[in-house]
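Can you read through this structure? Questions will come right after.
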């Protein structure tokens, strides 16, 4: 039986210290809830921190890599999926996640929020970019959820999972 | 020698009448300038209108289809590329375009703006979504250009093409 | 109205002199018949030769590139589609072609023959690898066609196009 | 630290009884060796059987799905990656696997053997298609390995893993 997957998308190089702290906390909470963590798998920024957070709570971590090798893989990723397709893999990240959390914001992360909405799936946004919140709320309507901190993000994920009738077939 | 490709991304079903008019005008201007038009190739909304505009000026039109067949293909597309990969094809749209114009706004179009910025390429935005303009300007900095109408969008494309030293190898 | 696209797949670096000659002849014949040529777009071997052949007869050439830039693009490609997804683009090559011709043989070309058969589309094989012919005939049954030279390959393409009821929507 | 992933590719609908038995045995042996199983994730044929075999030995199973939903997912898959990109996902299967085993043969499986060789990675072939063995041996040279039964396939995987200097970064 497939496991519930929570995707956390976030910047690599350009992540702030706050983004990394939030990502670590999210990873830890995701693992504590028994969910599998899925991310872009990189060895920097929010991508690296969320995997380290999940491993700190003995979680299982999946990384869908941008590149066609393992050179930029976070050492905290258990299952490395080598996409070899660059940013086109962002769509796989969102299709494979029961719920997507966007932690921090850069162009790649923003594309993942948009692709989640395009797939008619729920996204929880956690960042301090004040322009992004009204923009994505307007774009996604009921599918966009704004979180004030990692704990709040996880509470929203729980509510979303409970509202989806068939969580095991939620991805479209 | 490869031809210059201008990508126009825009909504299908949810395009407004204004979006369709702008898309038709953009297609016509792109063809008049001797550029190849690239789009998502669909038979509705801005995607359909931009191809019809280009054909009205005897342009060459390329559509990169979402689906794995030709069922939703605009009749004004000359070259249909069947991606079979859903929204992941959005990244191919932007990588293949020398400059991207986003005409109208929905989740898929917004993902293409983000993917253009992620690829460090220029995007010209033409819509009446007032939340989108400060958001994408902040996200993309010098790579984001706001247009007030189709003619202005094309003038900006010309300036961008002129500023790129090697337009024939501009895509990254 | 979309144009008929004939895909020619073949090796780059490892193409033989005979492969290159066959590819050039195929490109010329495809253009002479008024079809669009689609290939992997590379600047070497059969990929380069087929595009040069098509341009020698004033054809229109489309290349679906392996890489995320134009560095390895054949100078005889008019429309460069930048996939950025490596060998995964092989599936786009076959889905976008009304009929696929495999000219020469290497691992990438062989994957394209297999993907064509997987998509339940017709493939014409032109090479001197005697192990490949019984193997692909057994694998593809009525979908596999063996050609003895470029002219024969084109005659087989004509028969296949005539047998497909709706050539404008043949790709699956 | 990433786990070693062994990919098993094989037919769905068209798998023989022998293919399914071999796949089940392979899955069980992969799990017994502490490796993660990766497959196409489908609910039929060799794809389903290999996952059931791995779960019978308490293994961890990853499925990279052809579709954009979970409808055809094997119930024995733990981690479902929803590619939404059809057969183009075959390249992800091979790039993500430290070693690929092809169990049974159909067009999709054959494409995965070819893509493995294209990526310059090792593939172990287990089937009773006598045309396939000389063909793939000629195509792949030292990268192609023919197995006589599941136990032999696993012994060959062990030798390949031992010969690769850096198994944790073997995928290209």
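Chains here go by letter, A, B, C and D, matching the order in which they are written, and residues are numbered from 1 within each.
We take it that contacts are C-beta pairs under 8 Å (C-beta built on N, C-alpha and C of every residue); 3 or more make two chains touch, one makes a residue touch a chain.
Not measured: the values here are computed from a predicted model.
*Asks:* Would you mind telling me which chain pair, B-D or C-D, is linked by more contacting C-beta pairs?
*Replies:* C-D
*Asks:* Tell me, please, which of A-C, B-C or A-B gives a repeat of the A-D interface, judged by over half of the contact pairs matching in residue number.
*Replies:* Equivalent chain pair to A-D in A-C, B-C or A-B: B-C.
*Asks:* Using Cα averages as centroids, what's the distance between chain C and chain D in whole Å?
*Replies:* 28
*Asks:* Using Cα averages as centroids, what's the distance between chain B and chain D in whole Å?
*Replies:* One centre to the other, that is 39 Å.
*Asks:* Which residues does chain D have that touch at least 2 chains other than itself?
*Replies:* 68, 84-88, 91-92, 119
*Asks:* Help me check something: in the complex, which residues belonging to chain A touch chain B?
*Replies:* 85-92, 105-108, 110-111, 114-115, 117-119, 129, 131-132, 134-135, 138-140
*Asks:* Sort out for me which residues of chain D touch chain A in the complex.
*Replies:* So the residues of chain D in touch with chain A come to 1-3, 5, 36, 60, 62, 64, 68-71, 73, 75, 77-85, 91-92, 95-96, 119, 168-169, 171-172.
*Asks:* With touch defined as at the start, can you tell me which chain C residues reach chain A in the complex?
*Replies:* 68, 84-88
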